[in-house]
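Alright, structures below, take your time with them.
After this come two complexes, each holding subunit A, first together with subunit B and then together with subunit C.
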Partner chain A sequence: MQKTVGIPRALYYFQYGPAWRRFFQELDYPVVLSSPTDGKLIEKGAMLSVEEACLPIKILHGHVAQLCEKGVTYIFLPRLISLLKGSFTCPKIAGAPEMIQSAFTQRPILLSPSIRAGENPLTACYELGRELDRSASRVRKAWTVACENSGGPVEKRDPEALRVALLGHPYLLYDSGANMRLREKLEDQKILVCTPDEYDPEDLRERAADMTEKRIFWSTGEETVGYILALLDNEPKPDGFIFVTSFGCGVDSFILNVGQRLIQKKSQIPYLELSLDEHAGEAGFDTRIEAFIDMLERRRERGKSA
Partner chain B sequence: MIITYPHMGSLSWLLGALFREQGIPFISPPPCSKQTLEVGVRYAPQGACLPMKIVLGNFLEAQKQGADTALFFGGCGPCRFGYFAAMFQGICEEWGIPLRIIALEAPDHDIRELFRRIQDVMGKKARQLPILIAEGIRAAKALDEAEEIVGDAKLFLSGQSEKLQLEHWEQDWRRKAEQAASLKELRMLANEAATTWRSNEPWPEEMVRIGIVGDIYSIIEPFVNFQLQRKLADMEVFSRRSITISRWLKEATVKKLSPLPAAWEKEGGPFLNTSIGGFAKETVGYSAYWSSLHWDGIIQVYPLSCMPEIVAQSILPKVSEHYGVPILTLVVDELTGEAGYQTRVEAFVDMVKRRKRRQIAR
Partner chain C sequence: MKEFFLGIDVGSVSTNLVLMNPDKSVEEKIYIRTAGRPMDSVRNGFLKLKAKVGEEFGILGAGTTGSGRQLAAAMTGADVMKNEITAHGVAALQASPKVQTILEIGGQDSKIILIRDGIIYDFAMNTVCAAGTGSFLDRQAQRLNIPIQELGHYALRSSHPARIAGRCAVFAESDMIHKQQEGQPLEDILSGLCHALVRNYLANLAKGKQIQGPVLFQGGVAANEGIVQAFEEELGIPVTIPEYYDVMGAWGAAILAQEQRAKTGGTSFCGVDAMADEFSISSFECEDCPNRCNITRMQRGELQAGCWGSRCGKY
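On to the complex of A and B.
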């Protein structure tokens, strides 16, 4: 029977998913994705993980459960300890393979190469190649092809629209199931949604490093602060910021505070904090977004008549 | 410059003795209390972990009493501890609190900056740093040993009057330790305690042994864990912690000389072999290690949202299943009620004692 590699549509899939898929396809391993996050998946994930885990980790558990049901041979869950030199992702992401191993006693084989920035990524790839019975040269070629995979096209923007910048981890900003279709709801109201992926991460990190006395050692955290700085330094500035976080996120508990202080110090731009967890509460969520948008529109009206 | 520092078990005694010895003006923060927590909670971000709130409370209470500089540690993550100092700085700036934070770390690997900061604190005496660190670790070891011996002594006393006597002796001794004029004096005091209370009696067979694991602050600072070890001793339970001040200081200052893994690392390896930050490896490793030695139970204590401990918590059920040793997890935050906490500990100890009696009977 054909061996397959399952990739959970969670965590850093949202940044590196296309590259990962290409890598395995080049090695002649069909990729099976879990379906996009939805309420049932979140519920399942919450049941399988420890209560204290944050929403993205619970979502990961839900996706892995789905892949187990789909009968894949392997599940690709890289141990992403650090993606950029001198910084880390988060302890939970670094320990995710162990969390999954504990939660799922019966499961496909986990492929969890360790990725640490500064180490040669090919070492991890060769390790994968050995497990998947592929030669080193094939692995190297597959890696090169995967790296050439770039992101999607940028759409045309309406310059008159209200601009709202979203701040937070990629697996919350880009997972519509996790953030209760936040982007879609904003776009329905003709709002121009700005996200950190519009900037080069290195550029964002440099801005943040210049600004803070001690470097923020979480890559997403540093990028978020850098993104705020980039937006405040350029025109047109956003009309509002929305922090999307999950309840219990350790990194965000500090980064939001740093970010808020920065926004208040350098501008009068309002911000909204949306905290997500597995207890949805979509109606309340929608109400807060509507109220925020109303407020932004009123501010702009007042600004025009002033 | 008047310095202050955080409370964390015997660390405050060590720092107090060091500063007294070196003639550096300092203020020890008031002992951790509900007020400390209230102050910390008011200024810290809501989602910050409990240790950060308490340490901030320590600093602000000391500042009210005249401190203008606060000493803290640095770190490179990924757990939040390494960013505490930066957060304290931001909060003091935001609220206009006249407190300067000195983080003992080498930012961007700039060792010279670390020495500059130490010199800031200690002046010319900074040159004696290696000697002081060695003295400090020796004193810390003696204090940790004394703590274990005195704690164990409680388990051997059966009479109420004997227990009271020990408690009075201990209170007296603690007062002396808080006022120790030098690291050497602190070490002598610790040795005195060890000599006075050391017992060579064999452990009774039915003595229940419980290992305490979790993040460093929660298991070392009694205010956070509601004097857990004292409570366990009252229930005639022998306990040890996975982290001690002396081991932590040694690992922070002296790189490991031996490449060989310690016994707990070997035992914990199959369950968690990667350093993911904080003390997750210790939590899992010691749980496995003590379970392999047939201890009777493990209690994990950690503050709400502690990232490495959440990972450890998800792995502990596997450890428990493998060795057949029960594990209790207690998550603490500023709203934790002591009564509920006490009930859970008592229930766990009851269960563990019953299991032990059944095992012995067989």
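On to the complex of A and C.
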């Protein structure tokens, strides 16, 4: 039987997924993805994970459970320690492979190479190659191809639409099962949604580093701050910011504050915070979005007539 | 025959209805407890309003707001269904055109709305936590066996408010019990509770926001003089309670219904007599996909009056 690599559609899959998939395909390992996050999956993940975990980690558990059921040979869950040189992921992200190990005693083989920005990424690739029985030269080639295929699609945009920028971790922004279809809800209202993936992470990192005396410790936090700075420096500016966070997130407890102050110091642009957990009621969530859009529309009308 | 606009605000704790004249003044209002039965409270509320008016009248348009706005809209055939922020803002601007800041504390949520140049400029709403809301006060009043209406009077009689931690309702309660076992007077504990709630509200919602006067305080909790005084002390500026503070959402919904009529020229309201109809409601979990949405169906007699809850739009 052919060996397969399962990739959970969770956490940093939303940022690096296309490259990861391509890498394994180049090594002739068919990739099996878990299906997009849905209510049942969240419920299952919450049951399997430790009680204190944040929503994204609970969701990860749900995806892993599904891959176990699908009977894959391997599960690819890299140990992401640092994504940008000099900044780090949060302890839950870095410790995700251990949490999965202890939550799933019967499971496929975990492929969890450690990823530290600044180290040669090929080191991790060679480690995978040894595990998957592929030569170093093949691994090198697969890595090169994967890097070339990581770009996202470019969409057409209506310049007249209200622009709303989403802030937060990629696994909340791009997982519509986790964020209660936030993006779709905004787009249904003809809102143009902007996200940090439109920028090069290195560029965002530099912008953030220029602002602070000391580097921000967390990679996503640094990217978020850099993204806010980039949006405030460029035209057209967004009409509103929405910061999506998961209840109990340690990184965001800090970055939410920095981000909000930055926006208020440098602009008059409205800011909304949306907090998610597995119990979050959709009605309250929708009320906030609806009120926020109402406000943006009324502000714009006022601006036009003034 | 008189003609009014109807505004309905179905909140977690109270259901409020307003009949508004075409000149935007309030003709009649009613504030009743939702008591877990929103449909009954809308129906009974309307029948009581009807009795208050005492003569035949027509409805020019209807609007709903509050967490039960969808339910109320399905029941009444409302013309407009709006979130509470917009509704409260619109009503506050009608009550006091120069208002700059609106503090609103309801049963299970609290919000701050900043108005600049006559439009909603910024707002914030509490997150999942209910520590800074009316339900918390309700619960403490119940525990102490004091009618909720009296809680404010007690607080006003205090000369040295106790220091209560307001971050979390659970810890605030244990703090209050601790103070009570130390023998501190009830008045001081309750005044401390009011200050704790206000500090928590300001720390959570007003963080980084400029609170400028005139300030309006609305929502059911505005009836509590202890909270009003605590707000004035913490903010250092006067806080005004509008005449219709407890039904501002409903009033706002009526104003929005009037705006809607100006656009469409008609109303989809079910009619005054149909408001006495009985509704039945049922719900089930759709098993067609793993989202397992909870679908709610509302029926007026044999006819389906509304159906909601599905993510995909199937129902």
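Structure notes:
Note that the second predicted complex is superposed on the first by the 305 of 306 C-alpha atoms of A that agree within 3 Å, B and C clash if a C-alpha of one lies under 4 Å from a C-alpha of the other, contacts with A are read in each partner's own complex, and residues count from 1 in each chain.
Going forward, a residue touches a chain if its C-beta (ideal position, glycine included) is under 8 Å from a C-beta of that chain, and two chains touch if they have at least 3 such contacts.
Note that this is a predicted model, so its numbers are computed, not measured.
By the touch criterion defined above, A:D277 lies against subunit C but remains apart from subunit B after alignment on the C-alpha atoms of chain A.
Of the two partners subunit B and subunit C, it is B that touches the larger number of subunit A residues. Touch criterion not met for A:A19: it reaches neither subunit B nor subunit C. Contacts of A:I216 after superposition on the shared chain: subunit B is touched, whereas subunit C is not.
In the overlay built on the shared chain, the residue A:A161 is in contact with neither subunit B nor subunit C.
Of the two partner chains, subunit B is the only one that A:G250 touches; subunit C does not reach it.
Of the two partner chains, subunit B is the only one that A:E98 touches; subunit C does not reach it.
In the superposition on chain A, contact of A:R261 is made with both subunit B and subunit C. Of the two partner chains placed by superposition, only subunit B is touched by A:S49; subunit C is not. Judged by the document's definition of touching, subunit A residues 261 lie at the interface with subunit B and also at the interface with subunit C. Residues 67, 82-86, 109, 117-125, 127-128, 207-208, 289-293, 311 of subunit C are the ones that touch subunit A when the two sit in their complex.
Partner subunit C is touched in their complex by these residues of subunit A: 35, 38-41, 181, 247, 260-261, 264, 270-271, 273, 275, 277, 279-280, 283-284, 287-288, 290-292, 294-295, 298-299, 302. Put simply, subunit A touches subunit B in their complex at residues 49-50, 52-53, 79, 81, 87-92, 94-95, 98-99, 101-103, 114, 212-218, 248-254, 256-258, 261. Per the touch definition, subunit B reaches subunit A in the complex via residues 45-49, 74, 76-80, 82-83, 85-87, 89-90, 94, 103, 107-108, 271-272, 274, 276-278, 280, 304-308, 310-311, 313-315, 317-318, 331.
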